[in-house]
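First chain A sits with chain B, and in the next complex the same chain sits with chain C.
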Partner chain A sequence: MKIAVLSGKGGTGKTFVATNLARSAERCVYLDCDVEEPNGHLFLNGPLLSSSKVSLPIPKVNESLCDGCKKCVDFCRFNALAFVQNRVIVFDKICHSCGGCKIVCPQDAIYEVDREIGQIESRTYKNTQVFTGKLLPGEESGTSIIHELFDKIKPEDSLVIIDAPPGSACVVMDSIKDVDYCILVAEPSIFGSHNLKMVHELVKLFNKPHAAVLNKSLGEDNPSKDYCIENNIEILADIPFSQELGKLTAEGKLVVEYNNEAKELFKDLLDKIYKEVRI
Partner chain B sequence: MIIGIPADKEDKNSPVSGSFGRAPFYFIYNDETNEVEFAVNDAAKAQGGAGVKAASLIVEKKVDTIITPQLGENASMVIKAANIKMYQSKEGSLMDNVLYLKDGKLEQLGNIHEGFHKS
Partner chain C sequence: MKQLLILSGKGGTGKTTVASSLIKLSSAKAFADCDVDAPNLHLVMAQDKEPIKKDFYGLDVARINQDKCISCDLCRQNCRFDAINVNEGYVVDNFACEGCAVCTIVCPADAIDMLPRITGNLSLYKNDHVFSTAELIMGSGNSGLLVTQVKKDLTQNTDAPLAIIDGSPGIGCPVIASISGVDMVLLVTEPTLSGFSDMERIIQTSRGFPAKIAVCINKYDLHKENSEKIEQFCEEKGISFIGKIPFDKAAVSLVNNGLTLVDKEGLSKEAIVGIYDKIMKLLYGEEKI
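The block that comes next holds the complex of A and B.
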């Protein structure tokens, strides 16, 4: 079972929910797909076991074979190639690594070399196997790192929790497209409900079963709760705003290890998710 | 000398466009023959890599000097590789800027911005 935890904005508590949920399971694999700013390993903080590079193929041109036909330049819809002073210039960061230029070159003058864009780190913390995707600063898209993170899942892994990036862009779509269930984490504000609406529209588009977890609730006045009720989104948990939980989290601690109420809450949340997915 | 300037309108008395890569036209002026051309910039509506494509058009048109308010990183790589001179535009029309250049009143372009790329 693969569960993605997502939200329309940063700071709602995706990592809070995902890491504490992971710790509440008997065994779990946790994928940190928030590759621009992964921080799940600060909570699930086992020692680093391994780190592997993630690379993308980038075209290079063998100038002795290139006859300047410019078919590659014309083919590239991302405009990653330019033909200047009788030679092709490749713009690595614009390239989407589709390989099309190599295919259309009639002279076989294009070959590919790997360019590192990030890493995947592996750790084990108690019951949880932690995989962290890290995109190098200045790189534009982490989707390939997310694809490689999903390759880490083995058929025998019964529970996988995916900590998705914030928002609803390509990296989020890649983080949810292969999951069985989505948990939408939302804050009790108008801004929070707007962001909830964005991810809600996304999970509907992907036909994913989903439910909400309200975080940092301050009582009855909660626009995110109103949105859930109006749109028939089941609320699996309503986590009250608590200085204690905030303090524990700020110290890099998992609340389920220190606070009994939180422990019960997350256990209950996990049970509900299991039931939901089985239906 | 063939001069290229980003333009919003096909009118040599219109102002210089604020963007290089996404300008709808380029005013191309040959100062030996006084020939004037407005080249349509297909890159203006490109999803990404507009600077590269636009600069390639400038190269294709055999422009050797550009006058622009600013230039992105990727476009500048193409422009530099083609040994095209870059000057900073001043307030005024396209034709005014051609005259400023001839009078030596324009400075070489120093600030290359990182572009406004979207992934």
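The block that comes next holds the complex of A and C.
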């Protein structure tokens, strides 16, 4: 069973929910797909077992073969190639690695080399196998890292928790398209509810079964709660704002290891999710 | 025009809360929301007039003409984005297609066309100020292109001396597109291990650009020890540290009522005023604070 935790808005508590949920299971595989700012390993902080590079092929031009026809430059839809002073120049970071320039070159002057864009780190923390995708600062897109993260899942893995990036763009979609269930984490502000609406539309578009977890509730008006009720989204948990839980989390601690109420809450949440998915 | 961009790395640290407060405080005549994935600034910046709306066209998307397709499979084999599925025929997965057009050149039957596609909705508000914002259409890629357009719409429609731009979380393409060309990046962080780790990554990213970098901590008193560590880190790295905003339970209800931290007297407002003064010094002269 693959469960994605997502939110639209950043900072609502995706990683908080995903890591504590992982720790509440008997066994679990945790994928940190927030490759731009991965934080799950700060909580599930087992020793680093291995780190593998994620690379993308980028074009290089063999200048002795290039006759300056510029077909590659004209073809590239990403403007990653330019013809300057009778030479083809490649802008590595803009290149999407589609391979088109190599195909259109009549001189066979283009070959490809691997360029590192990030890593996947592997750790084990107690019951959880942790895979963290990390995009190198300065790189534009981590979608290929997310694809490789999903390759880490083995058929025998009974529970996989996916910590998705914020937003509703391509990287979020890549994080949820192969999952069985989505948990939408929302906070009680109009920012929270507006972004909840955006990811709710995304999960509906992909026909994913889903439910919400409300976090940092202040006991006052809660536009996110209202949105859930109006749209028949089941609320699996309503976690109140707590200085104590906030402090533990600020220090990189899992609340289920320190606070009994939180332990019960996450156990209950996991049970509810199991029931939901089985239906 | 001087451009100030608000970033954070980690989401939810208070970018929009700080940006909206700075806009109110400075009566900014130009501002923009570059968080096209999850834009929120418009929720606290009430506008008198309706915006001028326009569609944003991203990169084209491939479409296979079923009448011409000979099922040779070459398009699928050459697509590096796994965007071609075989069901009853060969079809393009619009979400996966990045618009590279490789399929069109490998197709021997000339069965594939590249069609324009709308990937975002731009809104430009023109009151006594100009406010440019946009929303990315769900699941679209290349949001950096849309971010660039949001900024272009702002700068082409005003000659205000200062523009305040709310950015997006992360360090990837929309963030990089937003940093390009700004004079200063204000990083809003929070005193958590995650906030700290993410701040280090956004600093690394920002340092690839000539913009000045400054840091402030939001909700600093939720963990004072961590706040001290962040302050110390900035000092060691030679980064301007320009303020600490206390946690205010009323902040959520202010935001929910379309207000900002400077609409209520108190410690939060004082902190914002202090931060604003330092921003001005950095923007108009001093190298570092």
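In this text, the second predicted complex is superposed on the first by the 278 of 279 C-alpha atoms of A that agree within 3 Å, B and C clash if a C-alpha of one lies under 4 Å from a C-alpha of the other, contacts with A are read in each partner's own complex, and residues count from 1 in each chain.
Simple rule for what comes next: contacts are C-beta pairs under 8 Å (C-beta built on N, C-alpha and C of every residue); 3 or more make two chains touch, one makes a residue touch a chain.
All values reported here derive from a predicted model rather than from experimental measurement.
Partner contacting the larger number of chain A residues, of chain B and chain C: C. Of the two partner chains, chain B is the only one touched by A:F83; chain C is not.
Touch criterion not met for A:I58: it reaches neither chain B nor chain C. By the touch criterion defined above, A:I153 lies against neither chain B nor chain C after alignment on the C-alpha atoms of chain A.
When the two structures are aligned on the shared chain, A:C170 is found in touch with chain B and with chain C. Of the two partner chains placed around the shared chain by superposition, chain C is the only one that A:F75 touches, whereas chain B remains out of contact. Look at A:T249: by the touch rule set out above, it reaches chain C but stays clear of chain B. Looking at the shared chain after the overlay, A:E36 reaches chain C, while chain B stays out of its contact range. Of the two partner chains placed by superposition, only chain B is touched by A:F91; chain C is not. Looking at the shared chain after the overlay, A:E140 reaches both chain B and chain C. According to the touch criterion, the shared surface of chain A, contacted by chain B in one complex and chain C in the other, consists of residues 77-78, 140-141, 169-170. Across the complex, chain B is touched by residues 73, 76-85, 89, 91, 93-94, 140-141, 169-170 of chain A. Of all residues in chain A, those touching chain C in their complex are 8-12, 15, 34, 36-37, 39, 42, 75, 77-78, 96-100, 103-104, 135, 137-143, 165-173, 177, 187-191, 194-195, 198, 201-202, 205, 218, 220-221, 223, 243, 246-247, 249-252. Against chain A, the residues of chain B that register as touching in their complex are 43, 46-50, 52-53, 55-56, 59, 74, 77-78, 81-83, 117, 119. Chain C contributes residues 8-13, 16, 37-38, 40, 43-44, 59-60, 78, 80-81, 95, 98-102, 105-106, 136, 138-144, 168-176, 190-194, 197-198, 201-202, 204-205, 208, 222-223, 226, 249, 252-253, 255-256, 258 to its touches with chain A in the complex.
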